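Same chain, two partners: chain A is paired with chain B first, then with chain C.
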Partner chain A sequence: MAGKPMGKTLRTILRHWRLFAWMDLVWITRQPGFFLTYFVSDMLLALGTIATTFLLAARFEGIGPWSEPRVVFMLGYALLVRAVQDMFFGFNVAIISRRIGRGQLDHVLIQPHPVWLTLLTEGFVPFSGAMALIPGAALVLWAARQLALHPAALWLGLAAINLLASCAITLAFSFLWGSVAYWAPRAAEEISSAAMSIMREISPFPLDGLGPIWLGGLLTALPTGFVAWYPCRALLGIDPAPYAPVVTPLAAVLLSGLAAIVFYRGLMHYGRVGSQRYLSFGHRR
Partner chain B sequence: MDALAPSATCHSDIVVELSNVWKVYRQVQRAGRLRDIIRGLIHPQVRRVEALRGISLRIRRGEIVAYAGPNGAGKSTTIKLLTGLLAPDAGRIRVLGMDPIRDRIPYVQRIGVVFGQRTELWWDHSVAASFEWKRVVWNIPSERYHRTLGFLREILGLDDFYQTLARELSLGQRMRAELGLALLHEPELLFLDEPTIGLDVLAKRQILGFIQQLNRERRVTVVVTSHDMDDLERLAGRIVLIHRGSIAFDGDFARLRRALGDRRHLLIETITDHPPRLEGAVWLHSQNGRHEYVFDAAAVSIAALLDQAAAQTRILDVETHRVPIDDVIATLYQRWQTPPSQSIDAARTVPEQERADPSA
Partner chain C sequence: MALDDASAAAESSGWRPPRRSQPLPRITALVGSARRFYKTAAMAAAAYAGDSPWFPLDYLLRLARVVVLLSLWRTVLGGSHTVSGISTDAVLTYTLISEVFADILNCRTDLIMALWEGSITSFFLQPTRLVSQVVARTVGRWGFSLVFFSMPLLLASPALGVNPWPASPRAAVAFGVSLVLAAVIGFALEYLFLALIVALDQSPWGIEALRGALAMVLSGAVVPLALMPWGLGDVLAWLPYASMASAPLRLYTATGAPLTLILLQVGWAIILWAIALRAWQANREKLACYGG
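Then we have the complex of A and B:
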């Protein structure tokens, strides 16, 4: 943002988001039949990722301190995290190792904007990426009613911050591992995909009862605990500590900072050695 | 070696300036034997590849410069350095008064880039949508956008496929759309990396004509790489030949021909099947009384050769033509592949395959 007023940068971001939303809409309306199939199948896939936990909770009427509606709330929250990622970071922005490994950062570097701004806006697909949004929102609303939640503005604000923080953690984890592709473009081309998968697959499980080593690992080295479990504990009051709602945002700041450092170090390396291979697919539709 | 870059242009209005630029890559060598693979894990064998070896080059505003060389010579590396996609290991690069890496954002506002083997178009969108994307991302003012768009649509003939999806375009149409997209923000400097690759003759002619018109009317400086020397000769006033990371030639095509020997072919038809022996020309072959020779017009005149022939036999017909620039460059590349003949001077001689003894 150096030298550019924040207001101007914000306007640029909004202008880009509007453009990409329009392009996404044009794409959808061009092939509505295809899109509908794509939408339904991806929605079912998203629901499939939470099915195991849901069935376990239904069978045993909850999991540990998590009652059935609480589990549903967490699953809905996990789907919302996924929805936000899919809507804002499509075109392999979230799976950044593909862009790096395929030499596609060249396309980013010839655009007259900071790299972060291009990556923040170029993957905005609010329509075609919204398949997890509807089931996620429905589950959260249903669970909130069952739990008789009457959220105050502060709670809603904290929930929104935690949601964004959970997204940031997943994305940061993907960028952290994805940066390996700067040094090993071919071997690590799919590493972000693997990182995202493991985060998404473990995220719907309540981690209560795990030993400190496992739990520590799942909140640090593989921070999947922050994708749904910990923020939901905080928001639903399972963890009564007053600082609990800010733990996930703090973790997001730390991990994002680390990811940014590693990513930009990689970018410097990319500037020194360039892209040794180029594949055109995936970064633009 | 002929004149090098620093002296090839005057110092005023320089838009591209490379001073003693080095770029070195490290390539890990792959071993085939198990023992070497294991050893390579501990001590990888790294080969140092000097892609650019202290090249210096200046390009003046409004020039069209052909940047050519055999595969692996350093062309793409130079284009990447000039477009800010790669940083030099040593030396200084100034383009439009800026450092392409440090001043990346304002710099890319003023340049246009077309990579023949890549696309900037949005694949599943119409050409129109890609142009709209460019307008927003480059923040082109509306009035300027519509003025430039009108010009580009007309001159590049984009109207026929403006609403067509990029993935449905023919290669020629795609390249025209790519060029339009690259020029939409009215860059002062255009980098074209193999813009005519894979195009048919007509599409190629259209693209080359457009680039010339753009240069003539808008004084856009163009740096173009290609393996098609005929295209380059048609397009560019100046050619920079790069070989093994160094500039081997910088000048115009006429000078390149002279430097390599102004080779021409001479076809003489005589009443006999036996080819006359011509001092200063190399006989290539004969068929039905037609004898073909190659000679250096800078060293021997056609008149002198015809005098010699006329003294030996009766001449029925004469034809002469220049060797195509592709052949000239091919000869040069061939020479470069066989050390120590790595200079233009070494390539002055007639190539191996053209040598033959008339008496054989």
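Then we have the complex of A and C:
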């Protein structure tokens, strides 16, 4: 597969996405009751995570340098990041430690594709995972109108790149911690969900009032500041530095690279020891 | 075998419940219950680190959240000393204490996750009542968090620039009473939602997510109800979620009328437990476990 031409790989990815989208649609139509319960409750949960910041902004007509529409833009952006993750990396791909810890990585390894391609495509659930997409898009559009944004193509391109970079940072953080499950499958089975919780729960808050130590920590060791706060500062011009719009993409490249190295090392370890899931002493037998 | 059938089978095999009319056996039974409660709570506390060895990550999230929230309050309240009758210092104390007692103010038990995993069957095999078992396990977990997160956070409060003390000794006593009542209401809601999930034959995940979202917004644990926009807090203050979190925190910071808040909590505790027990009695035979 390594020597496959790029066009052919792209076609494979699109074919897989179409296939998984179809299966997602079939699941919805077969169990509309279950789907509605999941969809509505997950949408409310997503809205619940941004409610605190929204209520504060509404009560005090903004938070520090963030006017009310700017806050709403950031909250919409945070929901869009969540939506992209939910739609493209469902079935525990984003919470990778569960797959590793439960021995389900074997299911990925037996596919006739590279691991990265399988992980990129088999979590695609564009319908059942779209619970944060509608409120996120609505908030961003409303805020853009209030802010009288007339975005040029360059701004739209930067916004799209930043959005993808924010998603990449969240996923990379999850994969980085999730790789621990290669060495401690039982103990670290849920570590990615703890990592994702940190990224998601802190992301809707403006971090401007924090001191340098905490702010530095939330942009490096716990890079939750890159999920919404920093990219929105850059896109809305709150941070006037000319390099501000490329900081999040750069951070995404660095963290993704680090996560890829650690994940690969874990995979090599897994290749030697395998999964103990189905052994007589396995924790999930 | 249905649960009632199991009880009937146990009685026909010679087992008899202890006679309650005589004082000595009754005292012995009470001591036995207390011992079982303590042992279950101790086991739950000891199992905490083993069951979720990455709990420090959860504590890190909680610490980060409280630091970010404190910075947000300082930003929005700025130089103003009082907003809607609450001083800036009281808001900061409210936020800190909300995180210190977060486990109790947002009372969650093992019950619904046990239903999700199918391990709820083991609850029915224990020689104790379901309620006391669940309460003991939950109190045990609270104890662990209290020692390893809440106490260190309280000790670190000077570094966060927050006064952790209650507004007065009277406020501390009222807070203690109110905290117990908040837990009683929280357990009732757990029981009620368990009955609801069984009755509707729905996935616990959906209803849990819905409940989490409601609690986050309605309870006033994060944003004091008096500081909510559009007069929302005036309405939410009468709901049971506010009695779970907002009421004790208002008493701690002396920003609410003690008698009204405690009476409201007592009222909700009675109503919710009456509904929860009735709903559970009506639906417990429908309980089905899958898990795996």
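Just so it is clear, the second predicted complex is superposed on the first by the 276 of 285 C-alpha atoms of A that agree within 3 Å, B and C clash if a C-alpha of one lies under 4 Å from a C-alpha of the other, contacts with A are read in each partner's own complex, and residues count from 1 in each chain.
To be clear about the criterion, a residue touches a chain if its C-beta (ideal position, glycine included) is under 8 Å from a C-beta of that chain, and two chains touch if they have at least 3 such contacts.
Since the structure is predicted, the reported quantities are computational estimates derived from the model, not experimental observations.
Participant: When the two structures are laid over each other on chain A, do chain B and chain C clash or fit?
Facilitator: Once both complexes are aligned on chain A, chain B and chain C fit side by side.
Participant: Under the stated touch criterion, name the partner, chain B or chain C, that contacts more residues in chain A.
Facilitator: C
Participant: Have a look at where A:Thr29 lands relative to chain B and chain C in the superposition and call it first, second, both or neither.
Facilitator: Neither: A:Thr29 stays clear of chain B and chain C.
Participant: Using the superposition on chain A described above, determine whether A:Ile110 touches chain B (first), chain C (second), both, or neither.
Facilitator: first
Participant: A:Ile191 in the overlay: touching chain B, chain C, both, or neither? Say first, second, both or neither.
Facilitator: second
Participant: Between chain B (first) and chain C (second), which, if any, makes contact with A:Thr220: first, second, both or neither?
Facilitator: After superposition on chain A, A:Thr220 lies in contact with neither partner.
Participant: Between the C-alpha centres of chain B and chain C, what angle is found at the C-alpha centre of chain A, to the nearest 10 degrees?
Facilitator: The vertex angle at chain A equals 90 degrees.
Participant: If you take every C-alpha pair with one atom in chain B and one in chain C, what is the shortest distance in Å after superposing?
Facilitator: It is 12 Å, taken between the nearest C-alpha atoms.
Participant: Report the residues of chain C in contact with chain A in the complex, numbered from low to high.
Facilitator: Within the complex, chain C contacts chain A at residues 52-54, 57-58, 60-61, 64-65, 67-69, 71-72, 74-76, 202-203, 205-207, 209-210, 212-214, 216-217, 222-223, 227-230, 232.
Participant: Which positions of chain A touch chain B when the two form their complex?
Facilitator: Per the touch definition, chain A meets chain B at residues 12, 15-16, 19, 23, 26-27, 30, 106-107, 109-114, 271-275, 278, 280, 284-285.
Participant: Which of the residues in chain B end up touching chain A in this complex?
Facilitator: Touching chain A: residues 25-26, 77, 80, 83-87, 89, 101, 104-106, 108-109, 113, 117-125, 129, 132-133, 136-139 of chain B.
Participant: For the complex, give me every residue of chain A touching chain C.
Facilitator: Chain A reaches chain C through residues 34, 37-38, 40-42, 44-45, 47-49, 51-53, 55-56, 58-60, 63-64, 177, 187-188, 190-191, 194-195, 197-198, 201-202, 205-211, 214, 218, 222, 224.
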